[in-house]
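Below are two complexes that have chain A in common, paired first with chain B and then with chain C.
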Partner chain A sequence: MAKTYHPPSVIEAIRADYFSTRLNSVVTVTFATFVAWAIWQLVNWGLINATFSEENKDACGHGAGGACWAVIDARWRLVLFGLYPFEEQWRSGIACVAIVITGILSCVPWFWNARRLSGLWVGGFLVFYILMRGGILGLTPVFEQNWGGLSLTIFIFATTTLLGMPLAIVFALLRRSELPWIARTMGVVIDTIRSLPLLSIMFTFAIVLPFVLPGWMIGDKLYRVIVGYALFFACYQAEIIRGGMQALSPGQEEAAKALGMGYWHRIGYIVLPQAFRNALPPTINQLVITFKETSLVVIIGFFEILASGNAAYGNADWNFAHVEVYCFVGFIYFIFVFALSRYGAHLERRMAVAQR
Partner chain B sequence: MFAALKDKSTRDSAAQLGFVGIFILLIVVFGFTARSNLEAQGMTSGFGFLERATGWGISFSLIDFSTSDTYLKAIWVGILNSLFLGVIALTLATVLGVAIGVMRVSGNKMAQLIATTYVEIFRNLPLLLQVFFWYAILTTLPRPRDFADATGPIFFTGRGVYLPGLNVTGLSVFLVFAALVVTFGLWIWLKSARKFARVSMSQKKTRARGIWITWLVLSAGLLWWGRIPDSSLVSQPFLKGLNFREGIRISPELMACIVSISIYGGAYIGEIVRAGFNAVGKGQSEAGHALGLSQFQTFVYIRLPLAIRAVLPTLINQYVWLFKSTTIGIAVGFVDFFMVISTSINQSGQTLELIAILMGGFLVINYSMAWVLNRVNDAIKLKGNQLRT
Partner chain C sequence: MTNSHAVRIQNMDKYYGTFHALKGIDLSVAQGEKVVVCGPSGSGKSTLIRCINRLEEYHAGSINVFGTELDDNLDNIDEIRRETGMVFQHFNLFPHMTILENCTLAPMLVRKQSRAEAEEIAMEYLHKVKIPEQADKFPGQLSGGQQQRVAIARALCMKPKIMLFDEPTSALDPEMIAEVLDVMVKLADEGMTMICVTHEMGFARQVADRVVFMSDGEVVEQADPKTFFNAPQQERTKAFLGQILGH
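What follows is the complex of A and B.
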């Protein structure tokens, strides 16, 4: 009688996954014990023994053995909004939401062409900027020096990518140029900037640039740092786009040439759309890294979310609560970065299916 | 005039000339503005200041440094510290990353779960946040005086981690490490270079053993030679008064940088290693099993070497990238290259020169690191039709 296939039962599946050999069983048991212990400790610390509201503040602190989430209860506004005026903080909040919605909308395939995507982002960014800066529509003006917390992080990230993306395309095209001197000069510039640490670039733009620029070009320190960051981003992104272009079969461009298309038509309608498609997963990865590395502006002296987190526990009342504050700040970063990187992984899978 | 513009080669030359010209023009404009700005402030440019005494101290230094030493020496101390941190952190990150990568491709779901959680948590948090976090944890450990009745070779205190050390000179330790690197290079060369393709396996093994024994003997000799006279060879930290004496103290700053960069880098390297294992075709390990190799042997002799070869180019980029991230030492006050430069800028005001040194230093370090690793890659990468799936 022929054996018929029957799907493995739950027990069989568990055995195959966890206890297939003696070594595997030992590994499973050891790791499971460790995981159980870690989860127990975490729950104990974060939930059972923890203090949640500011009123019970005295209960937490030294030797209580649990997390003191009261610090978040008391200081979350400082962490999220920094030095933004208290009465106007709703604007900062809505501005963040506007950018997040813009980000979510740009994941919708309907927006996936250059005109709609750039329109969406310019629009979203304008809403953000008007809300934050004020000065029109009856909103009181709040200057950049008072921006802080999450909205400053998002502002730096959004301006960097909005400035950097077009720049990256220009850099990639120049580096691929048929004219050797243009390609070579661009190559040297890109490789040099890529081999420098981001921190040194930001530092140079913040501290050194005022020395070498004529007075009218200096501008605000925040914008100088953003320009430096955008340049750095553009150099990395240019290499990613160039990689996407190289993955394109040369026949595509040759066919376009044969049809008599000019340079700009070839680039705009044939090369770039396909190159971007190829380069999408590494681009998302680069955006993830860029978002995380906005935290470096703390060192240059800006009050973004990590710095406001430092400030939140940096007074006598809360100086023991650093772990809780960092957990909170880390959680906020994690939501953004994790969502973005999951989306990148999703795109990668989708494209892998499409190319099969 | 217009006829000339119609000629393509003329137009091309003009475009190139214009492009390069704009760059040169920018640099010249920057140079002149800088000069007039400096003159307005009454500062002299040039590298003469490197010979001046700094007047400030450095909390952590591998070579002797005092406040009367020159800027040049301070910068050298910074570079050494950066390299020191980089070597330790990258080594630990590699060890962690390989372990995590192996866990992720192992058949055991529990191991996969742990490794995936690790990667997703630590890769998705900014490095700077992690540095701050570990620094806060490390500096709030119990004070040394609370260790009055504690025993053990290692003490985790709020002022740093105390380890037993050797009473030997720094130079001899450095030479031992240099010899280790050379020995490792020789070993790799012996194992994989074309030149030794005809040497038999057993002969290779004998030679490899010879190389490693030479290293052991040499380093024992070096350490003996480098002994500090009138002290025992091993120095164990002990509590005296409010602080520990002897042994090696790893400051919280250095420790926070090492821990965070290795954990963060480990998550990235783990992903790279996993991709490497996935790039090795299933046929390879099936062939190993068919030849009667055990699961472990297949892993050590077939999957791991192939995976390493597959990922080395990606890994090189990752190393360069991680090395650049050692600059975050400044966030917690670890005196690395970047922090020395930034302190020097504050103290001497020679901004442009110091920034030039910073950038030049990183270019040299990163390019030479990439060059060496690329040579290693050339030596061990699979050639021609060796890569089969």
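What follows is the complex of A and C.
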């Protein structure tokens, strides 16, 4: 008899995908049971048996078997704002929101030209700096060593990438120079910096550099660390961009040359736009890594969000609640990193349409 | 020095390392002249026309394009590239830009035209190559023949005085060759100065004022098409014509 096609029902599809052989059935049942058990445990711990408000704090921790979210209720301001003076923390909050909005706006295609993008970020950083640092407009000055928490994390991330990205482009172009001695020197610089641990670079910029630099160049420790971090970022990102450039056929630059376009026009309109498209997945990857490694500034005494989290459970009242604090901090990291990778995926789809 | 020539190449040599790729080339092309360059692969035809707009460097002799000496002076190189259009075997359209943007980019950046002006000129040439309706598509959405016609339009938008064609039909499926050749014939009829590296001998017969035969980095023979195809003088020319025509 000839076969006829009819679309499979849901049950048939499930049976075909998960219960097609005896072994498949066993594997399916085993894993389903495990996942159900894990979810149940998690819900039980995080929601059903959990304590949410600070008033019920006594129920926490001592054999109740649930999460003690009371610690977040009591200490969230320390986690988000670090050592920033308590009564001024609204400033840190608004500054943080300002930078996040600036970041979101710069994902909108309308802002994608040099003038708009630079105007946006200069404005964003100005708002951030005035709010955080104070000292004018009747705001009490708050020095950089007291900045902390989420706004510090985001500030370090934003400045590092904004400083590092143009630097990475310059490095990549130098590395690709037609003059061998420039290309080779740049190669050695990049490889050297990449072979050093980030921690040692941060230490060098924070602690050693002041002995070497003239007084007017020293600046606050925070900015020196950011410059060091940006340099580190630029070396990795330069190799990513160079990879994107190598995927271009030589014909692209030749066509631009044949049309009479000069070097900077060729780079700006033909090479870099395509190189960034090719290099988008590893670029997003690098941004995610950079965001998470901001936590290393704790070693030179800055209370970014992870260090603030440590401080939040670090007293006699709350020292049992470290898991809850880490869950909270982890959740904040997750929001940012997940948003970043979703945006990367969106860009890839957008470009796939253009490049088909 | 008169300016009646479009391109004048004198005693030009080109090396790839120790390999002598072009040997003592002497070739003049008059304004309005259509020259077809042919020869076996590896004979240096592509290298020759890529030297004219400095995609390749030459090492001895001289090249003069419309009175401008092609030397190491960057201004001269820019000047020559502005006046020289080139069409490549693999089209080399910019894949991240629409057809219209491909055509307007260089006129806006190099010729400093306004967007409106550049788009008007671009549409005019897209009409001429018969694909104005594709203006907002991306190169990847077009067939090979269409892409090559866009590449011709893109080069024409710069209003070049001479067009160089580097095997413009070699990467095309057979059914698309005719539509590209049609555009090239039309361009020739309008008086454009052209140097074409091609294996399309029908096109050479129909359009060329002169056929140049190259082999092993040398110009072996040049003549008008009738003489070239009917009464070739050199043994290497006869052998080549025998191979491509004598099935």
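Assume the second predicted complex is superposed on the first by the 334 of 356 C-alpha atoms of A that agree within 3 Å, B and C clash if a C-alpha of one lies under 4 Å from a C-alpha of the other, contacts with A are read in each partner's own complex, and residues count from 1 in each chain.
Following the convention adopted for this analysis, a contact is a pair of C-beta atoms (placed from the backbone, for glycine too) under 8 Å apart; a residue touches a chain by one contact, two chains touch by 3 or more.
Please read these numbers as outputs of a predicted model, since none were measured by experiment.
> With both complexes overlaid on chain A, does A:Trp45 touch chain B (first), chain C (second), both or neither?
A:Trp45 contacts neither chain B nor chain C.
> Identify the partner contact of A:Phe334: answer first if only chain B is touched, second if only chain C is, both if each is, neither if none is.
first
> Of chain B and chain C, which one touches more of chain A's residues?
Touched residues of chain A are more numerous for B.
> Where does A:Ile270 make contact in the superposed view: on chain B (first), on chain C (second), on both, or on neither?
Second partner only, chain C.
> One more residue to check, A:Gly260. First (chain B), second (chain C), both or neither?
second
> Please work out whether A:Tyr18 is in contact with chain B alone, chain C alone, both, or neither, and reply first, second, both or neither.
first
> Applying the touch criterion given at the start, work out whether A:Ser195 contacts chain B, chain C, both or neither, answering first, second, both or neither.
Only chain B; A:Ser195 stays clear of chain C.
> Once the two structures are superposed, pull the chain A residues common to the chain B and chain C interfaces.
none
> What does chain B use to touch chain A in their complex?
It comes out as residues 12, 15-16, 19-20, 23, 29-31, 33-34, 37-38, 106-111, 113-114, 120-121, 123-129, 132-133, 136-137, 140, 295, 320, 324-325, 327-328, 330-331, 338, 342, 345, 351-352, 355, 358-359, 362-363, 366-367.
> Could you pull out which chain A residues touch chain B in their complex?
Residues 17-18, 20-21, 24, 27-28, 31-32, 34-35, 174, 179-182, 185, 192, 195-200, 203-204, 207-208, 211-214, 288, 292-293, 295-296, 298-299, 306, 310, 320, 322-323, 326, 329-330, 333-334, 337-338, 341.
> Over in the complex, which chain A residues touch chain C? Could you list them?
Contact set of chain A toward chain C: 249, 251-252, 254-262, 265, 269-270, 273-274, 277, 351, 354-356.
> Where on chain C does chain A make contact in their complex?
For chain C paired with chain A, touching residues are 53-55, 78, 81-82, 84-86, 88, 90, 92-96, 105-106, 109-110, 138, 140-141, 151, 154-155, 158.
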